[in-house]
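By letter and in written order, the chains are A, B and C; residue numbering begins at 1 in each of them.
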Amino acid sequence: MSVYFEYIKIAFLNKCTYRVECLLGILSTCLQIFISCAIWKVLYGTNQNINDITYSMVVTNFVLSQGLSKAFSVNDFAIQQKINDGTICNEFLKPVDYRISILATNLGEILFNLIAFFLPTVLITSIFIGILPPSGLINSLLFLLSIILGFIILWLISSIVQMSSFWIINVWSISTIKNVIIGVLSGSLLPLWFMPESVLQIINYTPFDSIYFIPIEIYLGTISLYEIMGCYVRQVIWIIILYSLSRIMWKFGKKRLVVQGG
Amino acid sequence: MKKNRVNTVHMMLFYSKITINAWFQYKLDAILRSFSVFLREAGTIAVVYFTLITFNDINGWNIKELMFLFSFIFLTYSILIIFFTGLRDFEWIVNDGRFDRFLLRPRGVLFQILASNSDWFAAIGHGGLGVLLFVLSANNVNVEWSALNIIYFAFTIFGGVLIQGSIFLIIASLSFFFIKTGNIRDVFYWNIRSFAVYPISVFPKIIQVILIYIIPFAFVNYFPSQFFLHKSDMIAYPEIYIYITPIVGLTVYLLAYLFWRVSLKHYKSSGN
Amino acid sequence: MIEPIIRVENLKKTFKVSKRANGLPGRIANLFFPKYEYKKAVDGISFNILQGEAVGFVGANGAGKSTTIKMLSGIIYPDEGNIEIAGFIPYKDRKKYVSNIGVVFGQKSQLSWDLPVVDSFELLRRIYSISDSVYKQNFEKFVDLLDMSSFINQPVRQLSLGQRMRADIAASLLHSPRIVFFDEPTIGLDVVAKEKIRSFIRYLNKEQGVTIIFTTHDMQDIEQTCERLILIDKGHKIYDGSINGLVDAYAYEKKLVVEFMQDYTIDEISDVLINDLEGHSKEFVFNPHKVSVKSVINNLSKYDIVDLTVENMNIERIVRQIYEGEIKL
């Protein structure tokens, strides 16, 4: 176990190296949030609320979802890089589970991102634009649980993209397509309250809204406790489905790698 | 002198041939790449489209007019990326030692950077989307295609490419001072560009000033589209701005080039 | 008196490097208060090289070799000092100058990864505006001498390291440069592949009269191709002369290994270090400038000796000891 903690620590320390990068990353995220908010301010005009949704709720959605999606950035190319430079076999020889070591590395980076990107971003945007506080202590805790589940879903989707490099030479395209789909369907570019009904019907059958939008609804308190439980069930079901899928891909991918000789 | 110029054109063609040859080694990947670039940019437009189902317009611009505005961004980017990819990806060119190699060859460094790199995937993805948007929207916004309009359009696209090329050139010059420039590029190109996909009149004054006078993205799409659309929000800006995109392009490119020349002397060749 | 083709005077280059702290608190402190230090990569190096010379340029990692080569080839500007090569100042007349030189980086290929070797050559032919006759002549010569006919039409990614290196060397020479810099061209290669490259470099230098500057960590490379050696340490030139000269001057050690009939307790010999080896053998280490071989043997004449060998210090060991700071020049 302690060896994985070491992975987390090293990943965290590596992120500390580039200072200018870090500051610009915060600026970039803030600008992106600022653009979305500026557009929606114009859209709202003098309206206090539209379809029971206030402008502040829209802003809170953008800050949390775009801030977190920047912090939750997972390297989709981790396995591909190892396959290309031939070091993937070394990973199988080490006395650690390769997949958990990737997760540990991601956790280290994300821990850094949450402190160095997400917190300053929330701080800055709440000063200049203003975000809503969580709707209560219980909701904060429920939000925390939900966002962790959301992250696991995001991570599993990424790991499926990563593992597709067992079959194709370059996962760039798949990674890009995945990012577009998550961007549009998770509510981080357009709050799902304003998504056309027909698109929402489709989203209901996908895991994407449970990455950011469901946690944010819990944060804002727009859904009841009963509904929250239903959301948890949905998140857990998606985790089970995605995990099984990634297990299967891992099994066959590894086999393929061994057959081909890496 | 003349012989040398012929030689230069020859070389550019040969470079393109080589890039495309290398590209055809992985056909499926090439098609997928172009498609995913197309999809990525279309995603942004889908978001605007869905938004305007509820709201009808943004500051008086309806979806057709916005699509016309977007089309300038995509068309210029698709041309931009045929010529300026080497500057967009300059950080890698420096880090993997290709830049050292350029310095060892008896040709202009900038020429080699520009000629030896073209991102055809992005060119096709963006170009395809640009043409699609343009075709879908141009008729609906009643653009009349007189000879004068076509000439204006061509010069404006040229200016728009140069403006963005200058931004890449300046960011590339910063690679001589910083090891990583990825986030600088994110902020000063991509973030600024995401402002520019909307009519600049929706933003606070400070942002407008930046987009007109500091990183003049407004001349890539906002002012040119006003030439055809004549929206009422143009009243806030001098009329002349509609016509000067090529001049702005040439001016900023010249400034960027001077900055490049000065920065080149600070190249450190960071080693292995 | 022959005019030197390369003239380097008091060359200096300093880099600003960020100081990296260890541990979590240090790293975080660095994030807010970065610390820099100035590192003198090259600190006043001077030398001249004549047309047709082959010079080994040797030093430990970080000694300033690469930085010097980069300044000589015009990639980076020197902070101070003068360089004149073939009548050019490299960093000023870059475009005209570089047609006169070839540079081979062992670590970085200049060939396009996905394309056949011959395509990269065709590109270079256009870049250097090489005339058809010269190109044809050089191409055929290199394919023959470097034994490239079997892979010249294969994409570079399918080549072995040795094949890639040979193709890279040919690529750097297509324009018939008068001066060639080899920067670790044998790194990571096996003995056979190394030998092919060494014999080609010998050919270039001896038959074609090309001036060679050769950087490597393998002293056999230098011994087999160069007469002259320049040693660099911490940005300074510490030796410049023939390889034999270095061996003669700095062979501070000779070793006499003696196998005796039985275990003797040997009387002390002044200025000689005696070490026990396996069996009945002992070694006697001494400085040949102070103690002669004869006097050591004389001291041993009272014992029964089975076998006796004298080991001289070779260039490999001298250079290693210089790297490790055991020999100060």
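Note that contacts are C-beta pairs under 8 Å (C-beta built on N, C-alpha and C of every residue); 3 or more make two chains touch, one makes a residue touch a chain.
Values in this document were obtained by computation on a predicted structure and should not be read as measured data.
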item	value
Top-ranked pair of chains - ranking by C-beta pairs in contact	A-B
Identity of the most central chain, Cα criterion	B
Most widely separated chain from chain B, with each centre as the mean of CA atoms	C
Whole-Å separation of chain centres (CA-atom averages), chain A against chain C	50
Cα-centroid distance, chain B relative to chain C, in whole angstrom	46
Centre-of-Cα separation between chain B and chain A, whole angstrom	29
In chain B, residues with contacts to at least two other chains	none
Chain C residues within the chain B interface of the complex	15, 66, 70, 73-77, 94-96, 98-99, 101, 103, 105, 107-108, 110, 112-115, 119, 122-123, 126-129, 155
Contact set on chain B toward chain C in their complex	7, 10-11, 14-15, 18, 21-22, 25, 96-97, 100-101, 103-108, 112, 265, 267-269, 271-272
Chain B-touching residues of chain A, taken from the complex the two chains share	18, 20-21, 24-25, 27-28, 31-32, 35, 38-39, 42-43, 50-51, 168-170, 172-174, 176-177, 179-181, 183-184, 189-190, 194-196, 199
Contacting residues of chain B [partner chain A, same complex]	26, 28-29, 32-33, 35-37, 39-40, 42-44, 46-47, 50-51, 53-55, 58-59, 178-180, 182-184, 186-187, 190-191, 194-195, 198, 202-204, 207
